[in-house]
Amino acid sequence: MFQIQQLAKEIEKRSEGRLVSHLHAGAESVSVSRFAPISHAQAEHVAFLAQSKYRDAAKNCQAGVIVVTQADFDAMYEGGDVSRPVIVTENPYAWFAWAMQIMTERPLGEGRIDPRACVHEGAVIAPSAVIEANAVIEKGAVIGERVHVYPGTYVGEGTRVGDDSILYANVTVYHGCTLGRRVILHSGCVIGADGFGFAPFKGEWVKIPQVGGVTLGDDVEIGANTTIDRGALEDTVVGRGSKLDNQIQLGHNDKIGECTVMAACTGVAGSTSIGSHCMIGGAANINGHISIPDMAVVGPATTITHWDPSTKQMFGIYPAQDRAASQKSAVMVMRLGEMRQKIRALEAQVEALTKNEE
Amino acid sequence: MFQIQQLAKEIEKRSEGRLVSHLHAGAESVSVSRFAPISHAQAEHVAFLAQSKYRDAAKNCQAGVIVVTQADFDAMYEGGDVSRPVIVTENPYAWFAWAMQIMTERPLGEGRIDPRACVHEGAVIAPSAVIEANAVIEKGAVIGERVHVYPGTYVGEGTRVGDDSILYANVTVYHGCTLGRRVILHSGCVIGADGFGFAPFKGEWVKIPQVGGVTLGDDVEIGANTTIDRGALEDTVVGRGSKLDNQIQLGHNDKIGECTVMAACTGVAGSTSIGSHCMIGGAANINGHISIPDMAVVGPATTITHWDPSTKQMFGIYPAQDRAASQKSAVMVMRLGEMRQKIRALEAQVEALTKNEE
Amino acid sequence: MFQIQQLAKEIEKRSEGRLVSHLHAGAESVSVSRFAPISHAQAEHVAFLAQSKYRDAAKNCQAGVIVVTQADFDAMYEGGDVSRPVIVTENPYAWFAWAMQIMTERPLGEGRIDPRACVHEGAVIAPSAVIEANAVIEKGAVIGERVHVYPGTYVGEGTRVGDDSILYANVTVYHGCTLGRRVILHSGCVIGADGFGFAPFKGEWVKIPQVGGVTLGDDVEIGANTTIDRGALEDTVVGRGSKLDNQIQLGHNDKIGECTVMAACTGVAGSTSIGSHCMIGGAANINGHISIPDMAVVGPATTITHWDPSTKQMFGIYPAQDRAASQKSAVMVMRLGEMRQKIRALEAQVEALTKNEE
C-alpha cells in the first residue's frame, strides 16, 4: 500500500517542485494499492479525472481518493463541503505518470558485475552500476552510477553512459558514443552504426569512414530496434528529454532537439535537423538536409521533402478506400494532367461562346 | 529417402485427420528424396500440381509420384488407367508444406542446458528443452517441453514459453510475457518492450510505466526484427495461428485475432484491434484506436486512418510513374482545390449559356 | 601524420591502379594529420574540392595540400606557376574516401579466439581471424582470414564468411549462408531468417520450410537491423559491391545485382529482382515478383507495383502540405471520379452549345 502523503511528497520531488498536490478531506491519511479507472475503482484505489465531462462520475466514484484539477474541484464542490478525499493538482495525468513510476519501480539493489559479464579492465564501472551476465563493456567505456546493463548488451570502446540509465537486453552501442543521464535504450536498438556514406567511383562505391559519434541527451528514451547512425565527422544528436519509439531510423548527422517525440517506424535521412518540442507521426519519411522548426508537427505516414516555412504542421496522408475505388483513384491521379487540359479547353470554348453571346 | 505411405500417414496426423491422401497406381510403395518442380522432376522426386493449367505437364512428367486434387485427377485420367503413381488430396499445396516439414526437420535431440547458458535457479526448464550457450533465462521463467532456445536469446523474469516453441538466436522477450505452444520467434525480434506512453508536463514528457505484458497464442510465428510492445495495463495480444513477417511494429494494447497474416514492414499504432483471418499487406501503416473486422484485407503500403464499415478490403496504393510524370502528379494533387473551383465556375457559365439559348 | 606520397601510393593500390595521383609543387613531401573543409583547413590538413564553384576558395585556402580534378587544376592555374602543393586526380571524392579509410583504420592485431567465445569444434576458423567474447560459431561454419566477429554475434551451422569481413556486435547469420570477402554486417542485422511462406489450409496457415540460403557477394555492406530472408528453395542473393542501409527488408528469393545502393527503411517483397547499379530511395516499398532493370532509380517513399519498361526512373512521392490543405487534398483524391464525370458532362453541354451556334 502506498500512502498518499508520501506519494505527493515524492512526486513533488521528482518534478523538481513543479507539481504540487493539495490534499483535501483527509486525503493525507489515505493509502492505496494501485490506480483504477473511475468506473471500477474501489476504496483501495486511486483514480484520476482525465476529462471534465466525467466530473459527476468522479464525484460519485468509489475510489479511496481522486486526483483532479483546481477547475474541476471548484466545479465539483462549488465551495461546499468536500465529501471525500481529493487531491488537487495542476496536471492529474502527469501526477498519475509519476505515481505509477513510484508504485511500480523495483530497487536496483547493490552494484554488481556478473562474473559472466565481459568487462574490459580498461573500462570504468561506477560501484553502484549493475552489469548483467553476457553484457560486454569494452576498453575505456565509462558506466555511471546506478546504470543497469542487461544481458547481451554491448557497449563499445570509449562510450560513456550517464548515471541512472537503463540498457535493456541485446542493445548495441558502438564505440565513441555519449549517453546522458537517465537514458533508456530498449532491446535491439543500435546506436552508432556507420552512417551510409560512399563515394561513387567508376560504378562502384568506396566506403567513407564515419568518424563522428552519437550523443543522446539526459532523459532520452529509444525504442526497440531503433537505429541511430554515427555522424560522418560530427555527432548525430538527440536532445534532452526526446523520446523515440520503436523501429525508427536516424541517419548520420541528424540533429533532434529537446523534448521531441517521434512515433514508431519513422525514418529520417541524413543531415536533417528537427527542432525541440516537435511531434513526428509514425511511419513518416523525412528526407535528408531538411530543417524542421521547433514545435512542428509531422503527420503519420507523411513524406517530407521540404519544410513549408508558412506552417508548423505538415501532413500528407493519402486515403485508403474500398479496393475498387482505390484502384480508380490511383489511375485518376496519373490522369490529372489530362483533366487539367480538358478544363483549360472547356474554359477557352466557354469564353468563346460567352463572347459570341455578347 | 522418404516413403510416400509414411509421409501420407504423418501428414494426416499433423493435420489432425483433416488432410487425407488417396494413393493410386502404386504410390504407396514409392520413395522420394525431395520435391522438385514438375518440369525438372525425376524418378526420385515428388512433384505437386499447383494450377490446373499444368495438368498435361504433370501427367507426363518424370516425377516418381505427383500430388493432385480429385478434380485434376478426374480430368487427367477420366476413369481410365492411371499410368503412374499419384497422390490425390484435397489441398496439394498444404500437402507439400507438411511433407516439406517432415522431410527437412531435424531431431532436437535430448534436453540439455549448455553450461555457458545463464539460467536462473528460480527458472523452470522442462527436461526435454534445449537451452544453447549464452542464452539467458531469468527468475521465474517457465520453458516448456522440447522448446529450443538458441544462443544469445533473453527470456525475462516470469515469462512463460509453451511446448515445442523455437526462439532463434538473439531474440529478446521481456518479463511477464506469455507464449503459447509451437511459437516461433525469429532473430532480433523484441517482445514486450515498453509501449510508447508519456504524460505531457510543461513541455516535457513523463514516462508512464507499462505494466501489461504480451500474449502470443499457439502456432504464432514472429519474423526477424519485429517488435511487439507490452500493454500499458493489459496485455498486447496476437491470437492463435497468426503469422507476422519481419520488421513489423505492434503498439501497446493491440489485439490481433487468429490466423491473421501480416506482411513485412507494417506498423500498427497502439490500441488497435485487427480481426481473425485478415491479410495485412506489407508496409501498411495502421493508426491507433481502430477496429478492423475479421476477414479484412489491407493493401500494401496503405495507410489506414479509419475503417470503412461498408467494405472488407481497403487499399491506398498511390502510383509510381516516370520521374517527370510523378513530379507533375504531385504538384497537381496540391492543385485539386483549384481544379474543382474551375469546374464549378464552368458549370455556372455553361448553365447561364444554356438558359440564354432556351 | 600521414605522408601524401604514401597515401597516394596506397590509394593507387586499393583502387587496383585505377585512381592515380599527380603531385604538384612539392605535394610529395607534405604530411597531414587529417582532412578539413576548405574553409577551415590549416597547414596540417588536406582538403578536397568537391564543386568547381569553390575553386577560388580552394586556391587561397590554408590547407597543407588540396585535392582537385585536372579540369579544376587547369582552370585554377592556367599553365602558370602552381603556388601551393596540389594533388590532381580523376575523382577527388573517391580519393578522400580511400584516404579516410587509410587514416582511420586500426590494425586487427593477431588472430585470436576469446576464451569466452563459443566456437564449435567442427567450425573452421582461419588463424588470422578474431573472434570476440560471446560470439557463437556453429558446427561446420567457415570463417576466413582476418575476419572480425564482434561480441554477441551468431554464425549458424555451415555458414561461410569470406576473408576480411567484419561482423559487428549482435549480428545474426542463420545456417547455410554464404558471405563473400570484405563483407560488413552492422549490428542487429539478421541474415537468413525464414522467408514468409505458408500454405492456406481451411483458414489456417501451414508453414513451408525455407530451405534456400542467402548469398552476399564480395564488398557487400548491410546496415543495422536490416533483414534478408533465406530463399524458399534457392538462395536470396545480393551481388558484389551492393550497399544496403539500415532497417531494410529483403524477402525470400530476391535477387539484387552488383553495386546497387538501397537507402534505409526500404522493403522488398519476395521473388523480386533488382538490377545492377540501381539507386533505391529510402522507405520505398517494392512489391513481389517484379523485375527492375540495371541502372534504375526508385524514388524515396515510392511504392512500386510494376516496372514501366519505358523508363529507368520511377517515383511516387505524394506531397505533404499544411494540415488543412492536406486534408482537403485527401478528400479530393477520393472525389476524382466525380470530377471527371462533371468534366464529361460539361464537355457534352459545351459541344451541344457550340453546335447550336453554328
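Going in written order, the chains are labelled A, B and C, and every chain counts its residues from 1.
Basically, a contact is a pair of C-beta atoms (placed from the backbone, for glycine too) under 8 Å apart; a residue touches a chain by one contact, two chains touch by 3 or more.
Given the structure is predicted, the values throughout are model-derived calculations rather than measurements.
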Q | Mutual neighbours - chains that touch chain A and chain B alike | A | C
Q. When chain A touches chain C, do the two copies use mostly the same residue numbers, with over half shared, or different ones?
A. different
Q | Intercentroid distance (Cα basis), chain C paired with chain A, Å | A | 28
Q.
Where in chain B do residues touch at least two different other chains?
A. 134, 152, 170, 188, 225, 247, 265, 317-319, 321, 333, 336, 339, 343, 346, 350, 353
Q | chain C residues within the chain A interface of the complex | A | 15, 18-19, 91, 93-94, 96-98, 100-101, 103-105, 114, 116, 132-134, 150-152, 168-170, 184, 186-188, 219, 221, 223-225, 241, 243, 245-247, 259, 261, 263-265, 277, 282-283, 300-301, 317-323, 326-327, 330-331, 333-334, 336-337, 339-340, 343, 346-347, 350, 353-354, 357
Q: Write out the stretch or stretches of chain B touching chain A in their complex.
A: 118, 134, 136, 152, 154, 156, 170, 172, 174, 188-190, 193-194, 196, 198-209, 211, 225, 227, 229, 247, 249, 251, 265, 267, 269, 285, 287, 297-299, 302-305, 308, 310-311, 313-319, 321, 325, 328-329, 332-333, 335-336, 339, 342-343, 346, 349-350, 353, 356
